[in-house]
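Heads up, the next two complexes both have chain A, just with different partners, chain B and then chain C.
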Partner chain A sequence: MEIFRKKQADGSLSHVELLYQLQQRKQMQFRANVAISWIFLLLILYVLFSGDSLGLGAIQLDTDFIKENFTFIAQGVGDTLYISFLSIVLAIILALLAALGRLSTFPPFYALSTFYVSLMRGTPLYLQIFFFFLALPQIIPWWAQVPGLWAGVLALGMNYGAYMSETFRAGISSVGKGQREAAIALGMTNGQMMRRIVLPQALRFAIPPMGNDFIAMTKDSAMVAATGFVHELMWRATRVGRTNLRNLEALIMAAFFYWIMTLILTAIQSRIEARLGKGDR
Partner chain B sequence: MSAPIVRVTGLKKYFGRLEVLKGINLDVQSREVVCLIGRSGSGKSTMLRCINFLEEPSEGEIEIHGLKIPAGGKGKEHQKLVHEARLLTGMVFQDFNLFPHMSILENVMEAPVIVKGMDRAKAKEIAEMNLARVGMLFKKDEYPNRISGGQKQRVAIARALAMQPMVMLFDEPTSALDPELIGEVLEVMKGLAKEGTTMLVVTHEMGFAREVADRIIVMNEGQLIEEGTPKEILDHPKQKQTQALLDRYRSADK
Partner chain C sequence: MKKLYVLFSLLVVASLALTACGGSSQGGDLLDNIKKRGYVIASTDPNYMPQSGLKTDGKRPADTKCPSDTLTYAEMEGFDVDVANEIAKRLGVEICYATPDWDVVTAGGWADKWDMSVGSMTVKPPRPEVFHFTTPYYAPTGVLAVAADSSYQTIEDLAGQAVCVATATTYLDWLNNALDLNPTDIYAKPPEGITIVELPTDQECPQALAAGRKEFVAYATSITVVESNIAAGLPVRQLGEPVFKEKNAVAIDKKSGFDTAAFLKAVDDAIKAMHADGTLSALSIQWFGSDLTQGLVE
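Right after this comes the complex of A and B.
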């Protein structure tokens, strides 16, 4: 960077510095234009849904209903995040085990892994949520009262775990043979090599796609509402929407919350990625 | 003569039906520097990798500092012997293989802490000492992607030394380096040789072999065809394959 700062003897800007400034100005201009376009698009969306207030709106919304039920629906954000968080933790554990199974040379472990992934990817998530909801009380009788939330977490976690195992497997395979040989030559056991050398590098590789999965999961968690026992965003929206015959308003409000959550999570994700990028790859 | 540090007896290695090593016998004495030369594909690297069982030997026996390991062993007992053999040998690879997610210091501390269970303070002391030995202490907090290839290889040497092995195995340590970076690595290796480190070096660097080796061994098509002092091998080779190999190096140097 020093080269850019260096002024020429007569105080004028050097050629390199001029070029650098030009590029920076271009980039800033581009960003500004993108921001303006975003605001314009948001404005269109607002006008579309503004109803009576502007007299232009194509879709009529009951603003009183929205004001009255805003807090009730907003309270679902906590549960939505809670379910998503529990599910992603379960998914990461299962994905790791499934990925190790997939790379294992021990047939039963390999079979278990491929069987699990095939089953979870081969059936709809919506169905899985119902399945766990209906099956769990029969398998574990004393759990008859609990399942709403846990059925959802189990289904989401197992489903996402199956998809994420591919990410993990790619991450583990991306660690070169040389790394393993170096670890082995230093006297590490296979377990030590995995824990200390391979998995940390694989995880680094897998973190960005994991972020994407988490963001996707916050929205798929809406399906858990179907069981009727988890009071997350979607459940609250459908409930007040139905009782007041204001389904569209309620759903738009839920959509608003999901979107805001996604925006925040995306911002966090890009910050994490920037930090990872700075590291040592 | 006292017992050798490394003794290879009747070593054979097959990859499928291909016989890569055709019965090799080799001793490396304590404090000796042995350079192994030969055309690529002659089996030099495979032989080196058999000594610490990165390649499982097909036949024969490897003995390291009195620890005898026959080829073809299986089960827990064999695994234990192999593990012990690896603790007695330090390996330096052609492409360094530093751990990219750890700092230079952590790279060197890792095995003493994890494998030997050494406490971190002691491991740090040993790591710093060995980094100083290869002239890399000043970069100890950097990550591997921030240093040059020659520096990486010097750190890799320190990493192997930190396990305090009985013998250092070098597998073409300068072959992946830009020409201007080779010198610094060879300097470090010369320093080790002067300190009396037992070394077995697979190399194409004839200058290094002439200056540092106590003995040069020539390998051809999976066999040792000639051995002797650098003077004998480089100036008065007896085998015509050795002569051909040396001619090849000389023409490459021009």
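Right after this comes the complex of A and C.
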């Protein structure tokens, strides 16, 4: 960048500098326009649900109900994030193992990995949650002590791990052959090559789809509530909504919290992306 | 490589052995167990006021024995909730509530995650294959309801129309002409040629009608639900007379790993005592405005 900032002898701007300034200005303008458009879209959404207050005949909501139950529903955010976080950690570990298994030349590992991915992707998440919650104690009695939340986390983690393993595999395959050859030429072992060369580069490709999975998981975590011992966001919203006959208001409140969570997660994801992409041009 | 193969097969064998040694019951007496731990867990789905709902401003007591992932009496309200609490009191233990979805409860095989269902479960086949039932604690009627401004006057007027109902309920069975109750408890046949619209709970039906949806013109549910809908200001009304009477009881899982005989007897005795001393009548009047508990003790 230094080269662009160097002033010419007479103090005027060089052509390179002018070009750079123009680019900067264009980018700023673009960002400002995006922000304005977002505000406009949010305004439309607000008007849509504003009720009769603006005299436009929009969707009417019971604001008293929303105020009364706001904190009760908000208390579910913690559980939702907790379940999603534990599940995503488990999913990442399993996905990495499954992806390595898929790339392994050892038949049992390869078989185990493909079998796991096929089974978990081929059966419904709802069934998997029930398998871990109610069916497993029939063959392993001590499993009955495992709380509903953990059964749910296990199912969610295993399910998403299967999907995510494909993301990881794609990332690993995307690292050029030359990189591996260079690592081997430098005398690295297979493990060193994976840890130091391949995985760091693969991760960069895997981050956006991983962020996607995490966001999807915050909403799928609601299924764990069916076990009866997890009182997360969606569970609270549907129960309060049904018993008060205010489903729409309650679901909109849950949606509001999900959206805020998603916005925060998206921001975190782009920061990680920016960090990992630093060396890239 | 060979070593890896050996390790792999050992792992497979070990995991098979782990599962194979299972299958036996945990053993022990359930009632003893409950008294020892000092609490009993009842399942109830807080989707159904006035039977069961959440008390959103309820504070969990600091000294509760309930496991942290169950709800305490202070956090719940409703007729079923009060009945369960009363049963626990008479067993000399604290009540805790688990809140699984209704279809999970009716399927049985609870893996001892909760001890009993106090969730207005109707005693009818094939449920006795899966559950032990106590003496019924109340008996509401099933009714049909329509939008207040509709022109339907009798149940027969609904012939050929679409009717909404909650999934896995006795009302659904009645609409299908498959309700297996004592014939004297069934007062009317479903209308001819109806289309059934199944929704997750009874509360979605009146809300859909109130919102102006036209997929169905009526819904079948408990009289207690229709009355609470009307009290909540929804534009609906009951259509004709009640169509059947359902006897609802406490259910205990037959697949429990514990010996449940003494527990079943204790809960049954508690309910009989609650019938005899008027506790159930008082609760019924408090929550439903009428006594739905008469004539249930043989």
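Keep this in mind: the second predicted complex is superposed on the first by the 226 of 281 C-alpha atoms of A that agree within 3 Å, B and C clash if a C-alpha of one lies under 4 Å from a C-alpha of the other, contacts with A are read in each partner's own complex, and residues count from 1 in each chain.
Throughout what follows, a residue touches a chain if its C-beta (ideal position, glycine included) is under 8 Å from a C-beta of that chain, and two chains touch if they have at least 3 such contacts.
This is a predicted model, so every value here is computed, not measured.
With both structures placed on the common chain, the touch criterion links A:Gln201 to chain B but leaves chain C unconnected. Of the two partner chains, chain B is the only one touched by A:Ala185; chain C is not. Set against each other, chain B and chain C touch different numbers of residues in chain A, with C touching more.
In the superposition on chain A, no contact is made by A:Phe85 with either chain B or chain C. With the contact threshold set out at the top, not one residue of chain A is in contact with chain B in one structure and with chain C in the other.
The part of chain A that touches chain C in the complex is made up of residues 68-69, 72, 106, 108-109, 130, 133-134, 137-141, 143-144, 147-149, 226-231, 235-236, 238-240, 242-245, 247.
In the complex of the two chains, the chain B residues touching chain A come out as 52, 54, 83, 86-87, 89-91, 93, 95, 97-101, 110-111, 114-116, 143-146, 156, 159-160, 163.
Of all residues in chain A, only 176, 178-179, 181-189, 192, 196-197, 200-201, 204, 279-281 touch chain B in the complex they form. On chain C, the positions that touch chain A within their shared complex are 1, 4-5, 8, 18-19, 22-26, 43, 46-49, 53-54, 56-57, 67, 69-71, 98-101, 104, 109-114, 201, 203-204, 206-207, 210, 229, 232, 234, 257.
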